[in-house]
């Protein structure tokens, strides 16, 4: 049994706690949250104990930590966990600055601990199946990637202000999808955007709609379009054009009911948001983490992937702010 | 150039007139209709002359007739045309009685003239492609056929009273589809139904909703469901289950627009009714008729097909009225 | 905590054991199976104890039993459980004879215990959403129901011989769907069928392909088509035509990947079989059972539903064997 | 009757000739082509006469010209026709240089003749319906446009060399779609691309895969992705995200057959290429042209639209060649 400490008892922390509880190889030992009531509640639901951070790192029995706290605490927790020789699962992004993220990656490398970043989309059944079929050569060589990534509604302006900007907060997942699907690195990044949904977002210095283009070292092309608001729900699609065809990953629907009326033939909207759409992915990534720990094999989404996605987010931010193409 | 006389200048007659006009091998010479104004209008639009019936059969130059009049006149026109040695294209059904339909078939056989019945569905691009792929063995041997056939709205009660009943008026097309697709003949027919859309239909002695089951000589199964009313338009689908898969023929939509809103992801309703859905089929069957005349080859939907479909309609009517399975 | 005994440690028993383990209100106490190794394995996985049948009924602490054994043992276990005052969840069918099923229903009524029959399809997210929307009046009054129900491949002939025939073994679910969706009872049943997939099924006295038509007391129409073999997987669809439109329940796909190649635009096949397609439904029905026990409310699929579906299966069997319409 | 001269008897010229022949208000009088055999063939099929260019402009009876010749002749023919006071329908692009295109627009304005540019996509049933629904406010205010535009296979390298480059040759349609759908003008254009399908295209100084981003004056965003090769056929889609939803224009399929096999559930590929996909659009634009002439109303795709699309193509070419964002 691998004893685990969970940092963060908020929305995503609870998802991880539930998935942790279903791991045959893991046991939730500690839950840490500044909101101690929340920590106690999660601990009670899954059999652990609510403690302060120090107790975790003082406990030699804890072999792994799951970090699901607010972004500004990720780096410190990674450094502490690496220092204590504990395996790490950390939510994206590693940090809001590339420098600190790289420092974390170095610490992880020196400590030689496993560190997995929560790019759960790679574990989504549809996305993972597409990747497998692409790798198997079903459509020949990949040439273009088109990513559509839209949230159902914008976050509150105060969240936006602390978020590091849309590229680091929202598109970081899309940048990871880009690297994973095309299996190539960016040569140039162009990003533009607008504030179209809520003026408060502009006042917070951010945008809510973006259009990003990446050209890779091998000359492949990727376009990413995002919006903080899609009235019809969480829109998570991408398509890859290859030399022999195209693979598309479509949205998931809650049900397969179709209604034909005098108005239209209507299907369900997509799953509402990430907790619904990526439910299976969250479960699957946690299983992957503990499988990797048990077998000693590498994790599929490393801290280096976290750094690389952040570098793209930084480049996109620069491109947007300075209205120029960023060469990498 | 094949000189042609058109009987009937109503809705379907005008469709045929337009398609006739596009045949490079045919020339519309005469138009006959009891409504002489309508006849003149159609003649004027396509370059023919409005005349009385007698003029057609007295004219030796007329090589072919297209019969698009009311059902009760079909048999007499077929007999006259066969007697005059003219090729015949006739709308379904041949007649409302099996006896007279058979008599027409005999007359056609004796006169050795071409007689094509307007089962246009066999010429629909989707239906025809499905048949071709089925014949090519794409899903192995056919085992079951499910036909869905629904009109957008019921006809006026006075039409129903003269229609010969829903099985002869509406399902005759579905019976032809059954024979064509399964390439087999009925062994037993069971039909039931209800009047669910308009009590006036029941008062006219008919039903508007039917459920028919046919078992063929080879033991294949077919189910046909029909309604006089589908709020979403003209619903024309069928599917064939075979030993190695299934082929489905779906509805055609006017456009490929899809709207995602807070309510749903909505596509177009099907094409509204037969004039829209089978526009290409009507054009294609007319081309087939004149191609067959020009080349001397057989037509694909003969008067024998017309008689066979009518026999099934008669059997279904008996099954429904007498609440029994009809063995053939 | 409700202490539960599970009868049957086979394929479906294991599904129920897993779902039982996730109930916050239930605790698996005993597992019974003639295959004691299987019983022990399931018990070990979920924390119960493998015992003989007698031990269950002698234990006053056991409040509920879950029956997932072979069909011929269902009735005796229901009678024993009812006699012992225990709540019952039993897989379909109640029994292969209507008489014994009715006897069970009487025993359950007299003992005044909860008895839920495992018609899991009512708990399928797609089917349940359709029913809710139909009840809400989205398409007006229901008029016709078309059910397509096909297995991926036929069972072994020795299974067929003991199965009670296709109508009781396979269509019993479809008969329940019919009663549930149309909220009406059958007035007449017509069934025909053939053996088209495997001659061994005919030798076992059964068929593998059926076409059933039901007319209800209110004159509604239902058609059910089934096959023991669909090369493309488990085909579970139905559609309801109503006075203002149509609701369709479609198949679920493992992923939403779509491949466009020089051959076609291809989507996934349906989920392979019932364990995959109805995974969510099995979980949901178990939650419903324990929610009902906890709240004292009625279960949604009672033993009377089990008897009624069996009566329809019996009527269909008679209709098929005696080649006649069965009036109810 | 409007007497018409057709310039160009090639592939697209023949399409226009056929559509001209179906106009009740127009009569094909002359056909001009350097390939006089082709000109004679088209003239023979539709009742006109093959003549030299001079004969057209000398004939005062000719009221309209349809220009379907190679691009390098468009400008001269427009200038001659405008000078002769004849109405003009001209295929895109007006010219390969913005300067000459503007000169043509001035000549047209001074002569005060009607000049319609063949942006047939605006007349595609799906695209036109989407535009109508967008204008009606169905998804609120438009925010983003994503255009996918892919040919089935690359043109021969010698065509590429004379084409003016992919942006003027292929994307000019997409630039027109952008202006039409968003009803706004570009503020900045960024274009990148690669040669991924055929090295001969690179040798001809061009690319075959592009990614274009436009930001408009109102801050709306558009992304266009194109390829000269889609193994699955002609891929012509776009989607508009608005404040209250999304409208998508999908591909058209030849038939609505769907095949479910052990491999997949497969639908038809899209219509093969522009002659198939835009057949209805070509017919409809010609009708629009003659309706406008008859009623004296403005045409929907003017020479100014032609110039504006060309300016975008020029900006994109510059952006790609000089690796910079072009501000307009």
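In order of appearance the chains are A, B, C and D, and numbering begins at 1 in each one.
FYI, a residue touches a chain if its C-beta (ideal position, glycine included) is under 8 Å from a C-beta of that chain, and two chains touch if they have at least 3 such contacts.
Bear in mind the structure is a predicted one, so any value in this text is a computation, not a measurement.
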Of all chains, the one whose CA centroid lies most distant from that of subunit A is B
A student comparing A-D to C-D should find more C-beta pairs in contact for A-D
Distance between the CA centroids of subunit A and subunit D (whole Å) is 42
Rounded to the nearest Å, the gap between Cα centres of subunit C and subunit D is 58
Residues of subunit A that touch two or more other chains sit at 139, 230-232, 235, 244-246, 259-262
Per the touch rule above, subunit A residues touching subunit B in the complex are 230-232, 235, 259-270
Within the complex, subunit B is touched by subunit C residues 139-140, 143-144, 146, 148, 150, 188, 190, 192-197, 209-211, 213, 215, 219-223, 225, 227, 229-232, 235, 241-246, 323-325
Subunit A residues touching subunit C in their complex are 125-126, 129-130, 133, 138-139, 244-252, 254-262
